[in-house]
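Listed below are the structures to be examined.
Next, two complexes with subunit A in common: one pairs it with subunit B, the other with subunit C.
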Partner chain A sequence: MGKVSAYFMAQLKRAWKLLPAQLAADLLICVCAGVLVYLLVAQAAIDAGGARYRIGMVGDLSDSYLGFGIAALQEMDDSRFMIELVGMSEEEAEDALARGDLYAVMRVPDDLMESVVSGANDSLITYTPAEGQKGLGTMVMGEITEIASTLVTSSQSAIFAMQQVLFDQGRDSEAARATDRLNLSLINLVLSRSGFSEVEILGYADGLSMELYYFCSAFLLFLLFSGLLNCGFFARRSAALSQFLKAKGVGAFWQILGEYLAYLCLVLMGFFCLSLPAAYLLEREWIGIPEWEGMGAYPFWGFLRILFPVILMFAALQFFLFEAAEGIVNGILLQFLCGAGMGYLAGYFYPAAFFPKRMQAVGGRLPAGVAARYVEEGLFGKVSASVLAAVFAYLAVFFALTVFVRRRRMGREPL
Partner chain B sequence: MIREMFVKLWLLQKRLLKRKSFLLLLCLAPLFAAGVGRLSEESAGIAAIAVYLPGEDAAAEEIADRLFDGESVLRYLPCKDGEEARACVESGEADAAWIFEEDLEERLKELAGRRRVRPVVTVLERSDSVPLILGREILTAAIYPAFSYAVYEGYVREELGMETITEEELRSAYERVAVEGSLFQMVYPDRTSAEAEDYGYVQAPLRGILAIWLTFCGLASALWFMRDEEKGVYERMPVAKRLVASYMTCAVVLADASAVLLFAVKLAGVFTEWKKEVVSCVVFAACVTAFANLLRLLCRTPQRLGLVLLPLGVVMLALCPVFLNLQHFRAGKMLLPPWYYLQSIHNVRYLYLMAAYTLILLLAGCVLQRRR
Partner chain C sequence: MAVEIAGIKKAYQGKTVLKEVSFSAQAGSCVGIVGSNGSGKSTLLSILAGVRKADGGSFLHEGVDLLRRPGMIPKALGYVPQGDPLMEELTAWDNLRMCCDKETLKRSLSQGALRMLGIEHFLKTPVRRMSGGMKKRLSIGCAVVSSPGILLLDEPSAALDPVCKEDIRRYLEIYKREGGILLMVTHDAQDLDLCDDCYILKGGVLHAYSYDGDFHKLADVLRAEE
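Up next, the complex of A and B:
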């Protein structure tokens, strides 16, 4: 036992030596996170102050009908609170898009109005989003343009059908006046379309608010990736040393236990360092979480206690991944891929509810998913036995696997 | 000279491929991409909506066709009655319920006759949120075609004084001139249509995740080189020549990783065109090689480089358009190779910018190496 504790103390010393550099890296992460939070808060403040998504409109907008349509959107439609349409040249639009000043650029073809009036609709308005690739933002934008298309084409159909009936009846002379009147009626109805539904907000809150969800996700993600931060701990290890220790009576299990506990201390220190600025921000109420409003940093300390079993599990997972990968380089790559993959499937980046059911089920069973469920239940003060058992089962499995890998390696490598 | 270089590259490659765990690691990326690609085939949505539509109602059928047929960012759960829809919201199975009135067609006709918009659907929401606000717009767009038809019908009968006109005549005139299709088309800066890409938002971040993974491969290879340097593998080589050796180490690792990236992107279903993908990937790999080596020279020790990994990962995840597209901090974005790569797939301008950035990194690397 004396040898085991001596080995643990030696590992602790190694961890201690790594601590200053790790604290510097923590500080760097805090600065990065701080800048990101500042940018997001600044963006939110700008949005709250009435700024809208700017969309550059390129093309000839001088047509009276088109001008009326844009003016109606900007002055009367509900979308005026969200979207600002700005006329500009192609070059200006491309520059503004590249600078990040525009959300998208819409190009209006010269013959758009002729095409709409004739019903051919063969001249399409093309739009280029600021995102360089397809994603959630572009799909939402696609949905919005589809809505606009439906409103326009349904109105066109109604007007053309009315004209057709008049032509069929030989009342061609009435068509122009009737078209104007029906057109105006339809525009009025489109502008008041939100009245089709009566909205009742039930106010159920058995899930986390988006703010708390992402706050938890950020901490879980940090813990999941903390293996990268502490990769120095796994450098310069050799099977020869393990075999030597075994010869001295410190077997694979005790070696792993000693190293794991020292590594855990390192992870906890890093986590503690990250928690301090977060607590400060919460205390000053610079981070707004609806569930913790007016309570300062008090609920945050409870949250840290909840996280403790997750820290144990993630530390064991990282330990296993570094042990399983041969060498530090493979270990780093494995840490990143497992962290990013599990984090994505478990809903640390997009909420898990956005995913298909089967994907949610797979993500929920992974260590990262179990951790997320445990934290969510912990925040509501009702951790189920099954989730707690799953956390500790994963901890035991990773620990056992690490011992197994170490034993195999010790047996394989000649002294 | 070139032959000698190829021999060295081949020897490095052999050394790398001898490591079974490295090969296994390379296999993990396509496995992950294929897995997510497969899992994302099921329907998904940013909000689940329980929908009750009355049966045997023409307007309801039209709305059902619009909502349930076709792609949407919302996921619909058809319900037998209003109570079931409400229960779905109460149990948390759905984020909102849309409960339509029983005599929908009659109600729409009545409102159309009066040219008024009044509620025809009760929307129950757990809480107000951006996806549900978008959902309400989708809902009104689904109702509007049936409503505009009713407006046309009422206008012809009442305003134009054709009370005797039959339903068939009205319907036939409408169908003869009905306008269909979209007025909008999304195009990328290279003028390719977004419709050509058949994948959803669940698969979309995979390219970004893989791009960051490739950057980590570059950084890991720089770390590998540093550890070899510490072990004395390059003891006989003059310090000035070591930059080339480190580039070669990186190039070997990234050649394998690039092939895996292309394969994984194909498996994930986010692949575009061979030429575009290969060219972007090659320039990206060169950029990562220069980037990783510059960081190696700046950090000087493997410990320091190791410590940079996580902060760099956080910055890349936040600033590159993987999950979110921040409008600010362009200067920071321009320092990150994955940002150029992700933008370059549909915008050749960023391909040139990435090549220029690679040259700058190479020059900076040479200057730093000389100072050593």
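Up next, the complex of A and C:
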């Protein structure tokens, strides 16, 4: 046991000497990852509704029905989060469209409501998107305009028909009340249309906010790739040393244990040093995470505690990959390929919910996927035994495989 | 104190590397083993060092079969593999500390094997800045710092300059004189001068060879075997 601890101490000393170089590499990676996360979050914020579509309304909007409809859309309807309707003149709309201030212009004909009320249905709302827009947004807006036109004209035609029937039957006194009731039914129908269908929103890891999701992903990705940053630890390792240690009574298991613990210390030291700036940014609220709002860096320390088993597992994985690869260059390539592949499948770059079900199933069972699941459950404070067991099972498997490879290698060296 | 190696066998993937290898060595003697590349010399040494398992045979030392009781190997022998078993980033002191406690190390540096090897001159030098000779001396130092009775050396003077070779040879002579047993695998004629018994490993079997200082003759013998 004394020799094992002496070997561990020697490896720890190596790790300590490698720390400055590792920290420099960590810092570089963190700056890059930080920029990447910032861009992803900013883009996602835009996609999620940070910027509304501004649509110019041109034409006679003075009609009370139309005015009420627009007001309802702007104040009560779900579309108010996505669309901003702005009344303006034709000239103003053209200028704004040319400047790119408007997403589109809707032209309401002057005789629209008269046409609708009379049942003629010959006046149409025209929708003009900004020049060059031929994307999904334009198509969707076209569809919405068509649906709105159809809904309004059809329903108003129905009201007109009902009024005619009542007049023909001499029930004029009931017409006004019946019209109001039909109009209210229509408004109710339009405003509550979201009840017609159920929209499945692809959430970020079953309930995490986008910011927290990418924050976790960035940390997990950093840990997954930390084998690349710490490759110095695996360089210049000599097979002769393994053989010498074996002759000294330190077998493959104890060698790997000593090296693994020292490597773990190196990873933890680097990780801790880089967590400090992250904690500072959170404390100053320069990183805005909705779940942690107003709590400063306090939840972050809990998050680091949650990450600990993941660090153990990823360190074992990296150890195994470097042990299995012949030479440091192959080891680095293997680390990169495994890290990128697993990170992608596990949803570190994009939420896994975007992937087909089969891919999600595969990604979720990989070490990176298990780690993501574990962190997510940890953040909600309800880590299931199965996920925790999977994390430690992977750790044990990688450790055992590393020992196996070391044993084989010691017996296989050209002698 | 003596060692007796008997009937060591080893096969790899169906290929027999060692067949019934047997020899013995007395205290204060040196046994040299030569053979062409790939003949199994280093395999034999690694088996004796406990790095690999033999398929059969025994390695008796003071009445104990070390192959059956590998836990006793670390105390009984020191092993210097072909490469340098050193951590490049660490100093000589750090590397030696891995092999023994501080007291033993200090004692050896002041009056023991490490002093004889001249290691105190580069104790604080990182291994990556050492010359080949310094590394080899340190490797031997790591193996002998705990004063084992048997020393297994795998090509101790390969790629060393004559001065280093001489330094190492001088130490090995002292080791022998103090009653140690040297088992050496080598290609170097100067190393063979140190040996009391010389064997040629051929076809997995050891053949006794009387080395008379004529290295060309030995080379002819080895060539004939191929």
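By our rule, the second predicted complex is superposed on the first by the 236 of 415 C-alpha atoms of A that agree within 3 Å, B and C clash if a C-alpha of one lies under 4 Å from a C-alpha of the other, contacts with A are read in each partner's own complex, and residues count from 1 in each chain.
We adopt the following convention: a contact is a pair of C-beta atoms (placed from the backbone, for glycine too) under 8 Å apart; a residue touches a chain by one contact, two chains touch by 3 or more.
Since the structure is predicted, the reported quantities are computational estimates derived from the model, not experimental observations.
Enquirer: Which touches a greater number of subunit A residues, subunit B or subunit C?
Expert: Touching more of subunit A: B.
Enquirer: So, A:Arg406: does it touch subunit B (first), subunit C (second), both, or neither?
Expert: So A:Arg406 meets neither subunit B nor subunit C here.
Enquirer: Once chain A of both complexes is superposed, is A:Leu245 in touch with subunit B (first), subunit C (second), both, or neither?
Expert: second
Enquirer: Examine A:Gln22 and indicate which partner it touches, taking first as subunit B and second as subunit C; both and neither are also allowed.
Expert: Once the two structures are laid over each other on A, A:Gln22 reaches subunit B alone.
Enquirer: Which partner does A:Arg373 reach: the first (subunit B), the second (subunit C), both, or neither?
Expert: neither
Enquirer: After overlaying the two complexes on chain A, where does the subunit B footprint on subunit A coincide with the subunit C footprint?
Expert: The overlap between the subunit B and subunit C interfaces on subunit A comprises residues 18.
Enquirer: Considering only the defined contacts, which subunit A positions touch subunit B in the complex?
Expert: Subunit A residues touching subunit B: 18, 21-22, 24-25, 28-29, 32-33, 35-36, 39-40, 42-43, 94, 98-101, 103, 116, 119, 121, 124-166, 168-169, 171, 174, 178, 181-182, 185-186, 188-190, 192-207, 210, 225-226, 228-229, 231-232, 235, 324-330, 332-334, 336-337, 340-341, 344-345, 349-350, 353-359, 362.
Enquirer: In their shared complex, at which residues does subunit C touch subunit A?
Expert: Counting only subunit C, the residues touching subunit A are 40-43, 45-46, 49-52, 71, 73-74, 77-90, 94-95, 97-99, 101, 128, 139, 142-143, 152.
Enquirer: For a test of understanding, state which residues of subunit A touch subunit C in their complex under the given definition.
Expert: 2-3, 6-7, 9-11, 13-14, 17-18, 236, 238-241, 243-249, 410-411, 415
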